[in-house]
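Given below, in the form of structure tokens, are the structures.
In the two assemblies presented below, chain A is common to both, partnered first by chain B and then by chain C.
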Partner chain A sequence: MSASPPNAMQLATTGFLARFEGNSGLRANPVRRRAAETLRHVGLPTQREEAWHFTSLRPLAGIAFQGAHAVHDHGHDLLARVAGIGGPRIVFVNGRHDTAASEMPDFTTVGEPALDETEDAVSLLNTMFADDGAHIEIPPGVDGETILLASLGVAGAEPVAFHPRHRVRLHPGARLTLIDVSLGRGTYLNNPVFDIEVAEGAMLTHLRLQDDATDAFHLSSVRATIASRGTYDSFALTLGARLARMEVHARLAGVHGAAHLNAAQLLGGIQHADFTTVVAHDAPSCASRQTVKNVLTGKSRGVFQGRIEVARAAQKTDGYQMNQALLLSPDAEIDSKPQLQIYADDVKCSHGATVGELDADQLFYLRSRGIAEPAARAILVRAFLAEALDPIAHEDTRAVMEHAIDAWWKGHNP
Partner chain B sequence: MPAVAATLDAVQSATESGYKWGFSTDIEMDLAPKGLNEDIIRLISERKDEPAWMLAWRLKAYAAWLQMEEPDWSSVEHPPIDYQALHYYAAPKKKAGPKSLDEVDPELLRMYEKLGIPLKERAILAGVEIPEGERPPIAIDAVFDSVSVATTFRSTLAKSGVIFCPISEAIREHPDLVKQYIGSVVPAGDNYFAALNSAVFTDGSFVFIPKGVRCPMELSTYFRINAQNTGQFERTLIIAEAGSHVSYLEGCTAPQRDENQLHAAVVELVAMDDATIKYSTVQNWYPGDAEGRGGIYNFVTKRAACRGARSKVSWTQVETGSAITWKYPSCILIGDDSVGEFYSVAVTTNRQQADTGTKMIHIGRNTRSTIVSKGISAGRSNNTYRGQVKVMPKAHGARNHTQCDSLLIGDQCGAHTVPYIECRNPTAKLEHEATTSKIADDQLFYCRQRGLSAEDAVGLIVNGFCKEVLKELPMEFAVEAQKLLAVSLEGSVG
Partner chain C sequence: MLEITNLRAGIEGKEILKGVDLVVPQGEVHAIMGPNGSGKSTLSYVLSGREGYEVTDGSVTFDGHDLLDMEPEQRAAAGLFLAFQYPVELPGVGNANFLRTALNSIRRARGEAELDAVAFLKMARTEIKRLAMADDMLKRNVNVGFSGGEKKRNEVLQMAILRPRLAILDETDSGLDIDALKIVADGVNALRGPEFSALIITHYQRLLDHIVPDRVHVLSAGRIIRSGGPELAHELEAHGYAGVVNEAA
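Up next is the complex of A and B:
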């Protein structure tokens, strides 16, 4: 094995390691050094690894990403797309906090994050390079209302990579709606990690819009721990990036906790997007819900991997997972792996998955009532997505997302 | 037989504890030395009187096996297998080769009697009484360790042109057919255990159904592992020519032994235009004791190629035995409008581990597949459904429906579902649903308040849970399977 020439993934790994070695500031931190050592040892994942069976990071190889540095183009115009969302906002441009564009919310600071040890390769990368991020801490019983966290990627001739590390902590009984949007132009790698703690009886609503540039790469991880009677309620809409993988790891650590990991992926062209979730039911009487919808056109490929893990102690678990895909073109592909791993007997866990094209009968019904085919198709696609979008209670965000979906639909059905 | 009566009967007959079929027979064995090397393979080939091409094929498989690593992706765990500590050839000592049943070792016949499979012509499996002319009889190709000792109904089958014989005989008598099809569905280097099997297989069944023939009787092979430390490496090859139809039953019990026994079989099915193959299995090898000692390691590769248009292959399995079950009966749906089916019940108790499921690969147009999997875990066992539905770009109008349900009995067991759904054609329609639950208290209460004991109630509910699969079994097997389910779960509630 060692004698063979390095493959694409080894080259990509080497590229990141070289950038790390060249930065003495980063190397000074032992946690980062350990992450780099681990990455050197395991390398970026290949499709031989079960967790990466459907998604290849090969496109990353051969792109010489530079660290984020001072930019001339701040990309503030991109924020127009989320202008409908009022309230305080924290803006990051190429992973660095942008004071001018931000309107700082309460309970929030920014700066170099505290780094926890991480294990998977994508988070290791983040641990090596993360030097900025938002730190949101909502005190007990306080309603933090709404915070918009916008990440803008702007790259010119030189591809850039940025690795923000955000920490969100809700103390007992606190509430917050966090709206997290990624927008940009050019070739860049957006590699954020969210460390989330939801304490007893707290509730975090996490609404995410990933509309990164068509040449961009989006590799994000969320690691959420939910205490007793806490709720982590998330919805992620993926529209952008050439290659995207969102990983969400939610751990239900206390009784009567709840996790909702809903998502919709709308892809066209040669896009590849992967939504991977792991819900660990570690405590009794918790509930998890996942509704994941894929709408695929062009030569795009959608991936959903969802695992529900139920520990011995987690009796009375209620887990549900639904994954549906609409294939709108002959070259689109969906790969789905809904997985149950159950070690407790008094549980109710189920999952369902469907794949198909638009229903011919439904189309006929609409056309027979005088609706032209393109409009009929649009209606059916919107109806298909409704189940995932309906639970979004935040009206402004929902409007922005629906607008983004309409724009996407127009863009792919000229 | 009504399910209720069968269940009650089963529970009653199973009150003797321990493994009911755990006896062993003393018959002189012809053993090859322990270990695996080219010489052993040459010896096997020589004993079987094989042509040179077969030996070359075996040696090629062995060379491939040496380059491979034992797979570790499944959820089963076991101590490393010492492949050099096994006998790769064991044959009951025989005189000149039995010409008829009279010449078969009476010890053997007695053993089959204990197992309830009378070999005598006109006798039917398990003594089920069937009025004259109502059902066609069943032909049995009995495999005792590695050599088929007797094959019945040869003449009836021969009249319709059906070939049903031990594969070693087929290699000698029908070399062209074997050469054409062996390894064409499961290539010699397909996977670690298939490569091992290809190198050292000693026996198995060969079935050839000629064009347009509906096989006049159900074919049955009774596998049984005997002699200590002999792995069994059967190879089964079934070819159904255009427009033919065959139903094949495979059933197994094994005597109680302390050391783990390795079993790595390969089954290849080929269905041409309009042909139908129905393959049913009841597997009840020794699962090991309550602490997981002993028991069979069952690493099986089963695959069907639906090559012809409108061909159909249906796999039905009831898996209650073995310490480890690792098997994924699959269908490659190549012919347009071909159909693949997989019906499975897997029961694990004590420390058994099962990692089983299917693969449905849709290649042709309008191909259809159905998967129904029922997993039942009790004790400290682990039961995994692992399956793949793959639709290739040209499989227009492909259709799949998958249902996998898991039932947990007790809080020390595990039930897992790992489906892979991969679709590359928009006209395909795929549905997958999976549930995991325990036996509902109200169901139990309903049965108990009508006077059933807890154990009877569980047997009844479990049989109901598995009904969709059991109804796919031929009648004789369905009865046996219902008994097996109840017996297997005995002592796991209370």
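Up next is the complex of A and C:
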């Protein structure tokens, strides 16, 4: 046992536990105490664990994150980047609700969340520390329209960690488009958990923009339960953070439910981003769709791990998974891990992966029409992403995402 | 306008063009005919600057400038246009956006004002009507799901919009029915004038019935083996390449 990673991760674990022990308010809650006990036991994951084989949390280990204090910074400059998205908004700065910057939507409250037990290490951290979050509850048959949930990280000299816990509940037949953006500056750990319930015939569209600061860490998890004829339709665009892992756990609990867990990861430099999904088909005749697009430059690394679990009862399951990567540099890397666990016999599940560079013939065709090489490359990258972006029905959000992609492209092609 | 002198070029170490000499004066339309594999497409790619070709000897000037020294986009800005024998599909790229980006890139490079979306669409619609193309052509992705004939017409549409000074048409007529052929020919003829030259690569004389060339050249095994007036095309049609090739040998 000469390898040092466990030691580094143990130190990191100890750091979080010490911060927890030092806060008697947090310790008063038995759910939090159990989460801390479990974490003490299992520790933050190392790459020896199968689920973390491709993603190392070691870059976190040397950083002494502090709990976020109240700040007098409303992150107006950050919010300006999503100014194109109109309508009500709930703003969190370093994990704390910012009343002044928010324009509270209907059906929404904020405050200390109800905590469920969690299992994986990243959600355990959230359970230990979560002390604020949004609680959105759309009544039966109501169209909640659009809500923007903005999480801003503003860290100065001292690295901060925040762990918001959001709860979104759509009653039968309700609808909502939830736009969740994370932006920031400085070194921080953004560790949100979303508990989502989509009841019968309800439809949640979850559009996510992760454009956290270059020095930030993003470890988020979504746990969604979808009832009969319900739809959870999500698209996550990852542009930011030095190290990011988005986990989405979707459980299709009633017949004819649908889960769309789509994502695009655009990475450069030394960025590492991991999109990990688990779709549990627990009921018959449900459909899950996952298309993940990666555009990788520099020495970046993209990971997609997708597990589809089909229970014995889940006949007529329709599962689809596709991971596509465009490698724009020889040092970029993509890892794909599909996992199908199928216990029913009448199912249709497929997965695939493609990896490639920009097409030389396409590039030449564009250039022969007078389009300079950098612009031609940008057009082809945008075309690669079209399948992911074009279906976004909420135009303001699509425009903001496209703008963010343009900015990303400019940043990586000076 | 275009002066090719003793051009030798190849790909992957294999010489394909073995000393091509050709001059296309300003305002003239020349045809290049020749058997399959004689190097016609290679010549069009070398002239437009596709990567992978090595020029081992000779020179090409365009309006007196060294063409071979320019990037493909610089050649386009200088007024060169290639209608591809096999137009490339661009999934995810809308035709209107593609055309406008191309046109404005060229206008910018020439120091001209860009066209806004409204002015562009107006112009594009006029050209589309003239080429008897379907209205939805602009909304579709570039060449994706186009029939062979639609792809060729889309090349001609690009030419009509970009208004080159020298157009190279690489077998734009192959796979076209007679109506489409006339439309393509009309598209080229509409541009004819003192400021426009063309190099028309074709197998068949029938396109040259509609676009009457000033000169016809025969390319065989990487060299121009004969040149003549429009009647040369008729001779080729009557006797085939074999006769001409043997005669030159």
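We take it that the second predicted complex is superposed on the first by the 408 of 414 C-alpha atoms of A that agree within 3 Å, B and C clash if a C-alpha of one lies under 4 Å from a C-alpha of the other, contacts with A are read in each partner's own complex, and residues count from 1 in each chain.
Operating definition for what follows: a residue touches a chain if its C-beta (ideal position, glycine included) is under 8 Å from a C-beta of that chain, and two chains touch if they have at least 3 such contacts.
From a predicted model like this one, the values you see are computed outputs, not experimental measurements.
Student: In the superposed arrangement, does A:50 touch chain B (first), chain C (second), both or neither?
Tutor: First partner only, chain B.
Student: Of the two partner chains, chain B (first) and chain C (second), which one does A:386 touch, if any: first, second, both, or neither?
Tutor: The answer is second: A:386 touches chain C but not chain B.
Student: Touching A:370 in the superposition: chain B (first), chain C (second), both, neither?
Tutor: Touch status of A:370: second partner only.
Student: Name the contact category of A:325: first (chain B only), second (chain C only), both, or neither.
Tutor: The answer is first: A:325 touches chain B but not chain C.
Student: Just checking: does A:362 make contact with chain B only, chain C only, both, or neither of them? Give me first, second, both or neither.
Tutor: So A:362 only meets chain C here.
Student: Residues of chain A touched by chain B versus by chain C: which partner has the larger set?
Tutor: B
Student: Could you list which residues of chain A make contact with chain B in one structure and with chain C in the other?
Tutor: The overlap between the chain B and chain C interfaces on chain A is empty, containing no residue.
Student: In the complex of these two chains, what residues of chain C are touching chain A?
Tutor: For this pair, the touching residues of chain C are 48-51, 71-73, 75-77, 81-82, 84, 87-88, 90-93, 98, 101-103, 105-106, 109, 158, 162.
Student: In the complex of these two chains, what residues of chain A are touching chain B?
Tutor: Interface residues on chain A, with respect to chain B: 50, 54, 312, 315, 325, 327-357.
Student: Residues of chain B touching chain A in their complex?
Tutor: It comes out as residues 73, 391, 393, 406, 408-438.
Student: Name, in rising order, each residue of chain A that touches chain C in their complex.
Tutor: Within the complex, chain A touches chain C at residues 360-362, 364-373, 375-376, 379-380, 382-387.
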